[in-house]
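Naming follows writing order (A, B, C and D), and every chain is counted from residue 1.
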Amino acid sequence: MSSQFGKLFKISLYGESHGESVGCVIDGLPSAIVIDFDLIRARLDQRKPDSSGLTTKRDETDEYEILSGVYNGKTTGTPLCVRFVNRDRKSSDYLESGRIYRPGHADYTGAIKYEGANDPRGGGHFSGRLTAPIVFAGAIAEQILMTKGIEVISQLVSVGTLQGRTLEEMDDQAVKHIDKLKYAIHPDHSEEFMEEIRKTGDHGDSVGGVVETMITGVKAGLGEPFFDSLESTLAHGLFSIPGVKGVSFGAGFGLSRMNGSVANDRFLKNSKGDVITATNRNGGINGGISNGMPIKFDCAIKPTPSIAMEQETLDFDTFETSVLKIKGRHDPCVALRAVHVVRAIAAIAICDQIFIGRGINGNV
Amino acid sequence: MSSQFGKLFKISLYGESHGESVGCVIDGLPSAIVIDFDLIRARLDQRKPDSSGLTTKRDETDEYEILSGVYNGKTTGTPLCVRFVNRDRKSSDYLESGRIYRPGHADYTGAIKYEGANDPRGGGHFSGRLTAPIVFAGAIAEQILMTKGIEVISQLVSVGTLQGRTLEEMDDQAVKHIDKLKYAIHPDHSEEFMEEIRKTGDHGDSVGGVVETMITGVKAGLGEPFFDSLESTLAHGLFSIPGVKGVSFGAGFGLSRMNGSVANDRFLKNSKGDVITATNRNGGINGGISNGMPIKFDCAIKPTPSIAMEQETLDFDTFETSVLKIKGRHDPCVALRAVHVVRAIAAIAICDQIFIGRGINGNV
Amino acid sequence: MSSQFGKLFKISLYGESHGESVGCVIDGLPSAIVIDFDLIRARLDQRKPDSSGLTTKRDETDEYEILSGVYNGKTTGTPLCVRFVNRDRKSSDYLESGRIYRPGHADYTGAIKYEGANDPRGGGHFSGRLTAPIVFAGAIAEQILMTKGIEVISQLVSVGTLQGRTLEEMDDQAVKHIDKLKYAIHPDHSEEFMEEIRKTGDHGDSVGGVVETMITGVKAGLGEPFFDSLESTLAHGLFSIPGVKGVSFGAGFGLSRMNGSVANDRFLKNSKGDVITATNRNGGINGGISNGMPIKFDCAIKPTPSIAMEQETLDFDTFETSVLKIKGRHDPCVALRAVHVVRAIAAIAICDQIFIGRGINGNV
Amino acid sequence: MSSQFGKLFKISLYGESHGESVGCVIDGLPSAIVIDFDLIRARLDQRKPDSSGLTTKRDETDEYEILSGVYNGKTTGTPLCVRFVNRDRKSSDYLESGRIYRPGHADYTGAIKYEGANDPRGGGHFSGRLTAPIVFAGAIAEQILMTKGIEVISQLVSVGTLQGRTLEEMDDQAVKHIDKLKYAIHPDHSEEFMEEIRKTGDHGDSVGGVVETMITGVKAGLGEPFFDSLESTLAHGLFSIPGVKGVSFGAGFGLSRMNGSVANDRFLKNSKGDVITATNRNGGINGGISNGMPIKFDCAIKPTPSIAMEQETLDFDTFETSVLKIKGRHDPCVALRAVHVVRAIAAIAICDQIFIGRGINGNV
């Protein structure tokens, strides 16, 4: 129930941060797809922490093993299970004396929900490590989308109060370049952003950010009215990513401050005779259905709760105020790596919608 | 697929704006609930358009008929079908010569998706009229939640660039008062807001707004990690509401601009010995699971696309630029009425999550 | 949850026998299908009771009203709601003094499950009347299947201990003829069967039967291994039909008595060069997936529990043994009419499977 | 889609017979359950092939590894992934020259469906090996059911034309004894049955059988009308088991030959004051809902398609008739081992229904 997503292209997640492994089962893959292992490797490497000081120092090679569903390099069409063995498991980095649940984390809520039985080490099943199999599945979804001329581009468009250039403001070349970067930031301000992140980490603090995504190549007609609208499906997946606290489409909350005369994207014809809109404040979606313009959305990522700075909070054994000093190696700005998870989720969601549309209407 | 929502408390929508009726089937209602018809009537009346000039002038009495699922005033536990007959069907208000699809609406996307076969009158299945059965179902969900001490309060917290007081900044009395209002705006600025809306309508334009919601009484432990997190489930439903273009929890996009040292909600004990957090920037949800604090989220509602003002757009028969002048009676600020749909969706989603949690763990 | 079926082609049932109406919402219909109202009418008429003495005497015209989802005679692609108003509601035929729950019926189990709150009249939501909307939806599914050259034929192959000719033993002409009959029995023994049924009814008793179904035109490759095998999906729907107590594919329970050397259907090539099997004991399904041969299954229908004969049973108020004498007008052999419900369910299930296969693999 | 089962207690299967491993993810387990590893081991051992000549000779130890979801011996409440490494992988036993698809198997249908991309070795994803993780999950479901006083007993009640004693005809002691046997046959005829199986295997043939199941302790009120009736849910799972070709409840197909005056199970009160029925021809289910009597059903298992005897069939490369001589080690009567898979599926399905009922109605 909780860790399954999708109607036709379905993924079922498993794993704890300090358990044997994490992984997922992907059910609903078309058969005979020649898997692009290079793309999978590239996306995993983009997501992976490193020693740059910009991310957690946890050393995971993100090696994976495919347990089923691939034969002679092609998808069998039967369920594909992938497993990422957990190697760098420094439990001591995470356990404090007594039970001082980390503020902003799922330590407390998980303990209540699971009556104390869940694995707390490293965040257990709530750990960001679970995003590795999500990125794996997303890379396969991307591959399917590319056969339809659909691309998903994500970038870090802001860090704290520093604002960067949006994808819409960039030329194609810049967009293609950002897609391949580990730190998906436009060169014009990547120095500034990374400096801010490093500095924040040095202070023992963390900072939030916004991940912007643009999906090109989706023809008009994808999505369903009401409960399986593109926004609903995408948001359902996006809010499942640890750290996502806001999702908005097109001009998002800006639309709430606008007049209709400004917000409306009027239709026109471009030089090739295609139907386009003069503006794209609706982010490519009308009535839950794609209109052919790039689908655009932003995800607000909160600052990583685990900070080195001392925090005053409750000790759940004594119920006295206590000081928490988190050891370990945590992302100063998890949004930096969340970029690659957002891209993956978006690819999976769009892929599922395409299967649904194709299933009911025979085309798409 | 598209018009069904929920895992245990499930609703299945049907209807077109100018069809015979709109309604829904609710499947998964517990049996023997004495239906509070007064609450249902109150919520429907809150949602209903009127002649104030603040809403569309469409005259619907929102009379409904229960076709099944209620016997001797109590839920039977078998599916409940409710039907709202469409009475005020001025088709001429909606049809233009040729096919000039309204910018910002689903006219174009629906025509593409359904190959021109969908009912276009009044927006067809995309019409806001479909929110009447949603509000009906939400009122029943509210009733179930109230037996568990859970309340869902929604208000219009901003109109255009005018900002109002948040629910967190109000005392209990003010909150209870707002819950019953048709125009759910704090008295301190309701004049100002309504004036802005009226003025906008007089100019033949529309304006967006933000609906703020607070859910109290949910104990810690509700929701699932990852794909059935409270944020995912709520957002899935909320983005299904016509006009919703952004959803954020707690401080939302504000979190993306914060440091962790500020964003983290530290735990403490209140005078009654309950676990609470000093701040609530996470909106009552950690790791997708409730922590016992009020669940808080905002929905960005775009300005109604149908405006009286002339708009330049494409004629889809001639493919020439054409001027569109929409007749008819449209909400200058649909966010004003969306408040009651947001509340309904939130109640349904929380109710479903409670059933799921209770089903698996036997408690909640 | 309970009254919803299907992954892409989904139906959501509502209604009680003596409530206002029964009906369903069909969600997932392709758009732009010109509805064949004649076929719908024909199938409903086949299912409908009449005054022949072979069925219940309940007088229902089975008039229906489409509340949404059809515009200008074509499916809109948005949910289609159909409503069958209940006209002949002789409640007195069904109520006995005290609570003497009818043996074999859901009176007792429904009362326990729904804590006495369910509508008991006429069987409430458990009534066979709910099969009218199922037959409606099945006729639309049949229409879709016919565009792919797929036909679903069902007949009453046995009544009590009287055995008739199977569909496989008939020529095409006989099969086509049976498809249109209200009493779907081969002419060679229809007299004998109907005499048996009439006689049984005259004695105040009822008798069971077996409905045999053959689905032709399904190409190899439909269905999924394990949990969405063709057998699983079909059986899930078939066992939902009131009265079905057994489902078997191909030689069914006969296979349990065979050796593999006999049971195995060896492959060969026919004169047209198609792959066929020499025998079809597996009913056209291997490993849950169609092999191109006709899909064949049998449904065991129990005798109608409501018989005029006196029955000794428990009075649930006094907990004393009591004599039950059911008044009213009940089918002596409900299998006779179940034929048309079986056909409908099979069509819906196959249609859904085709959408699923087409969705994932882009073909079928 | 295909390899996922359940609404709340959900399992997601993966694996191919000759792939790295087979396993499943179980999502929806309550937390803090102390896992009974002995019961799991016992059920796996019951299912496992051995060298008795009564089963396939494939040597699998059925060792498994839990990759997540268990911590300190208790379920965490987060997804549990179990992995069974495939050790005895004699591919040569399964491959024939050219492509001579085995009659009765999924070789052909799988090749068509998956465009030849699926792993064919040992039956790939269609292999009976996939039933190992199902039995694992079933043992956990059994554990949950036992806390509610519910037991699932399955036995081999017939082999070929040899008929044995039913569970209803046995005393409690005999029933308890059979539950623990690897060859779940009543002592009175186990010699006879096993001799028949051995003899059949010696002839290079196989034989079918019927698995009978009885579920005790389920209180009245479990299940839903129509599409989530107990029969529908159970049958959906049972027909997913390789080899199952028929499922019937209570007197099953016998009901189709009965009169209602005989078939009806009249209600009465037993000496303890409980409501029971005088007979149980309906197998404990009325209107899809349990009535408190033991739930009883039979599964018809076809004879194993893989037989050593020569078979004439089609060569799919030359399209000429060819002789197939299957090497390898196959079950002469797979029904013997299917007993343990049937029990597992039944436990999972009942467990899921209990969660659903408890979720909606707060009790069960």
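Criterion: a residue touches a chain if its C-beta (ideal position, glycine included) is under 8 Å from a C-beta of that chain, and two chains touch if they have at least 3 such contacts.
These figures come from a predicted structure and were not determined experimentally.
J.: Match interface C-D to one of A-D, B-D or A-B, accepting only the pair for which over half of the contact pairs are the same residue numbers.
T.: A-B
J.: Determine which of the two chain pairs, B-C or A-C, is joined by the larger number of C-beta pairs in contact.
T.: B-C
J.: Suppose each chain is reduced to the average of its Cα coordinates; what separation in Å results between subunit A and subunit B?
T.: From the centre of subunit A to the centre of subunit B is 26 Å.
J.: Centroid of subunit A to centroid of subunit C, CA atoms only: how many Å?
T.: Each chain reduced to its C-alpha mean, subunit A and subunit C end up 46 Å apart.
J.: Give, as an integer number of Å, the spacing between the C-alpha centres of subunit C and subunit B.
T.: Chain centres of subunit B and subunit C, defined by C-alpha means, are spaced 39 Å apart.
J.: Residues of subunit C that touch two or more other chains: which are they?
T.: As it turns out, subunit C has residues touching two or more other chains at 1-4, 7-8, 13, 28, 31, 77-78, 113, 125, 225, 356-357, 360-361.
J.: In the complex, go through subunit B and note every residue touching subunit C.
T.: Residues 1-4, 7-8, 10, 12-16, 19-25, 27-28, 31-32, 65-69, 71-72, 74-81, 83, 113-119, 124-125 of subunit B touch subunit C in their complex.
J.: Considering only the defined contacts, which subunit D positions touch subunit C in the complex?
T.: Interface residues on subunit D, with respect to subunit C: 1-5, 7, 13, 101, 103-106, 108-110, 112-113, 123, 125-126, 130, 158, 160-161, 200, 205-210, 220-229, 231-233, 235-240, 242, 244-253, 255-261, 263-269, 273, 275, 277, 282-283, 285-291, 298, 300-307, 309, 311-314, 316, 319, 321, 335, 356-357, 360-361.
J.: For a test of understanding, state which residues of subunit C touch subunit A in their complex under the given definition.
T.: Going through subunit C, the ones touching subunit A are 7-9, 28-31, 77-78, 225, 355-362.
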